[in-house]
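Look for chain A in each of the two complexes below; its partner is chain B in the first and chain C in the second.
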Partner chain A sequence: MNDNITEQITDFLSAALRRQVEPDDDYFAQGLADSLFALELVTFVESRFALTVEVEDLDLDSFRTANRITEFVRRKTDAPDRGVAHAEGV
Partner chain B sequence: MPQQALQHGAAPVAIRSAAWYLPEHTLPITDVRTLDETERATRDALGIDTIRADDRLSSVTLAERAARRALEQAGLDARDLGALVMVESRVQETFLSSEVTQLQQRLGADNALTFSVGGLGCVSISPALLTARGMLAADPALDDVLVVHGSKPAAALRYRHPVTVNGDGGQALLLSRSGRIRIRDIAQLTDGRYWDLFHVDYRDRPTAQWREQCTEPSTYSFRLAMETRNRLSSMLGDLLRRNGIGRGDVGGFVSQNLSAGSFTFIEDSLDIEMLPACRHNLRKYGHLGPNDVFLNLRTALDREELAPGDLAVLINVSPVAAWSLLLVETGPQEDVA
Partner chain C sequence: MPRVSDSGPDAATAESPPLDLSRVADDLAANARACASRWDQDGGLPDSVREEFAGSGLLAADLPERYGGAGLDPLTLGEITARIGGECSALRGLLTVQGMVAAAVLRWGTAEQRDDWLPRLAGGELTAGFAVTERAAGSALGSVETRIEASGRSDRQELVVSGQKRWITFGAVADVFLVLGKYEGRPAAVLVDADRAGVEREPVNGQLGMRAARIAHLSFDGVRVPRRQLIAPPGLGLSHVIGTALDHGRFTVAWGCVGMAEACVEDAATHAAVRRQGETPLGDHQLVRSLLARAAVDAAGARELARRAAEARASGPGHGVPETLMAKYAAASAAATASRDAVQVLGSAGCAPDSRAGRHFRDAKVMEIIEGAQQVSGLHIAERLLRRFGDAARGTDRPVGPRLPEGAS
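Moving on to the complex of A and B:
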């Protein structure tokens, strides 16, 4: 699943930035990102993975590479499952 | 309930007259100085063709010229003005002196309750309006509050990487309890974690070396940008809800003039379209700080982009960070001062 998430993200990034983006490329450090790109990126992550990026989620480190975004998506989408598992265990 | 009273109960405040002073001298964007090729390329992509600039005119002079026009339009003698509120200049000409009492003296507004507000960059127009509304609500004997601002760049360069280019311009809004432009609601929010994101170091260096710096460009382009999306979206929903209206009831949106990209960002963030007057004024005047949104509203009315009686939402964002929304109701255009 990880690979699939990362692949979807790198595909998006490569199209948005018009260059091949690898999973660990830091496009913010490379100076490729502006606010419009950030908006496009976050909107893509929200719609593709059915989650909401809240103000408290806005840590740049979660979005600076495709692999970091994958970890973020997993944290956000796994959270309800952990809650259910915990409830069942009580 | 008076016609101007808000659905959610705030006191009425309206624009009795409004005026701007823009210097005659027009400066092509290509003549605005930048420091390197990256800045030049960004400058040329802002969507600004020209600005108005006159280095001989101070912020106070710009504000004074607009104020005289607004008072004349309303037929109000400066001596009869109840209150004078200046949105503070980004940089005062001298320390310890008072620009707002200088303006009071120049105008002859001897009986006006006089002071400055600010601290929120472009958003500082909102605390000025909140102040005016509060004073008009609290003092039945007070009839008019003149809110003024003279916009000049803070640093030596008019280009502000990577945001915008500042022009010069003065604005004066004469506020009263009734008028053709009614300010139906004011929403404002700040987040202090960004207080120093942009700054100009000035101690122990000549003015020519004053440079505006963005301390963390990635914070500006990502975190603050996305927080702006979330904050404005939430604020807009609250604003419409508490006034009992929907998006379809809003005749038009305007924001401050930073760049074509900033308009697109807000449009995409809120799923709205700016009135064409915004891009028109950006091209002609660049950024005029707290003066942009009402100048854009005026231009939209002149160009008949809004119909009489329309509601408009005025959006302001500042990287300090502050956000504000103003819900205004327009009157018949021929009566707009």
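Moving on to the complex of A and C:
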């Protein structure tokens, strides 16, 4: 499960950033992201894993590497109240 | 996900907001048709017109009903925007800016911030300003120099905002500004009320276009605001908060440009059909017909791209960003060329002070610059092409291509 999530994320990142992105690559620090990328990444994570990214989740560290995103996705999808809060923002 | 009204099906049937709002937009557009030239020449949309617009329910009408919006779908919002934009870019600018700030707060505000700000934006109680551009930060917003600092007083629960902002649409009259600055070196976005001590406005007059849009340069001199007015954590103010606002702005600017291009086609074709020079109607000249045809095709193409963007956006926030970018690029270009050619066909009538096409000609040039200059939009569009078609070639460790400038919006 974990590996699958990470693989989906690295596939997206590699396509979006036009280079092979490894699970621990910090692509923000490497200056690879343009100004539309951050929004596309949030939308990808929300759509692919059926969750809502809230402002409370918006810690840059959560999205810094593919492995961090995987942890974030697991945290969100394990949460008992997922999908309830802020449904109008979906 | 569409939200079901809390008050049940009766309320939904009684209100039918999209239909009513379309009618309201038609009335406003009809009034603007009669008055927009005067507003343009006088150098400012009258406060009474702005207040009437604000009270009409058309501002931030795509907000969910629980925040006082009408829950307008993107296509209806777009079509309303085109009708208003076809008559007056300043009125359309009011709708655009309010929508941008509301979209940013809806997406990245906390529950408390949404409850606090959104009903006042939707109800028109507050006019919003988008205070981002600086002298040295236009397309490259990552280089803003405005500082947002924690105050030593009040247990750091207060922020101090200092900086200069330029070319702020409705900046002369807005009640609250979404300000982009740097907090400890990281991009941050904060709402600053216009009536706080240290906020100064310098109205701008005589600029090329958007002359009725009450544009102002702003100065924030140690303005203190509560920390709770920071939208999203520092570091995400540009990429997420301002990024969301700009995406929304590109959408309504695109539809406004569709309306401008269509209005120019109408004016040019009407003139060509009835105006005679010597024995010949203008429309009998092949070169005139060629101009009309090109403008009509550009306008129709822009409308279809804007419609495609609206469909993509219907999936919810964050969707349709590339489609919107492409629509804005095409529509700004269509408005610019259609207005140029309309003025050409209209001749002296197009150069007159009260010419709608002449005004759109000046305003359309501004549309090619705001919410992403054409060349910057082109970079992003090409970037996505390279991503798509380069995908097959990837997998080997080939060098990375040239990147976009940081913060290019």
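Criterion: the second predicted complex is superposed on the first by the 80 of 90 C-alpha atoms of A that agree within 3 Å, B and C clash if a C-alpha of one lies under 4 Å from a C-alpha of the other, contacts with A are read in each partner's own complex, and residues count from 1 in each chain.
Keep in mind that, in the parts below, a contact is a pair of C-beta atoms (placed from the backbone, for glycine too) under 8 Å apart; a residue touches a chain by one contact, two chains touch by 3 or more.
Remember, it's a predicted structure, so these values are computed and weren't measured experimentally.
Per the definitions stated earlier, placing chain B and chain C onto a shared chain A by superposition produces a clash between them. Of the two partner chains, both chain B and chain C are touched by A:58. After overlaying the two complexes on the shared chain, residue contacts for A:46 are found with chain C alone; chain B is out of touch. Chain A is touched at more residues by one of its partners, and among chain B and chain C that partner is C. In the superposition on chain A, A:38 contacts both chain B and chain C. Legend: residue contacts after superposition of the two complexes on their common chain; A:19 is shown touching chain C, with no touch to chain B.
With the shared chain A as the reference for superposition, chain B clashes with chain C in the stretch 369-377, and the other listed options (279-287, 297-305, 369-377 or 387-395) are free of clashes.
Comparing the two complexes, residues 33-39, 42-43, 55, 58-60 of chain A contact chain B in one case and chain C in the other. Interface of chain A with chain B (complex): residues 28-29, 33-39, 42-43, 53-55, 58-60, 63-64.
Of all the residues in chain A, the ones that touch chain C in their complex are 14-16, 18-20, 31-40, 42-43, 46-47, 55-56, 58-60, 86-90. Of all the residues in chain B, the ones that touch chain A in their complex are 162, 218-223, 225-227, 229-231, 261-262, 264-265, 268-269.
In the complex of the two chains, the chain C residues touching chain A come out as 1, 3, 64, 66-67, 106-111, 141-142, 231-233, 235-236, 238-240, 243-244, 247, 316-319, 321-322, 325, 380, 383, 386-387, 390-391, 394-395, 397, 400-401, 403-404, 406-409.
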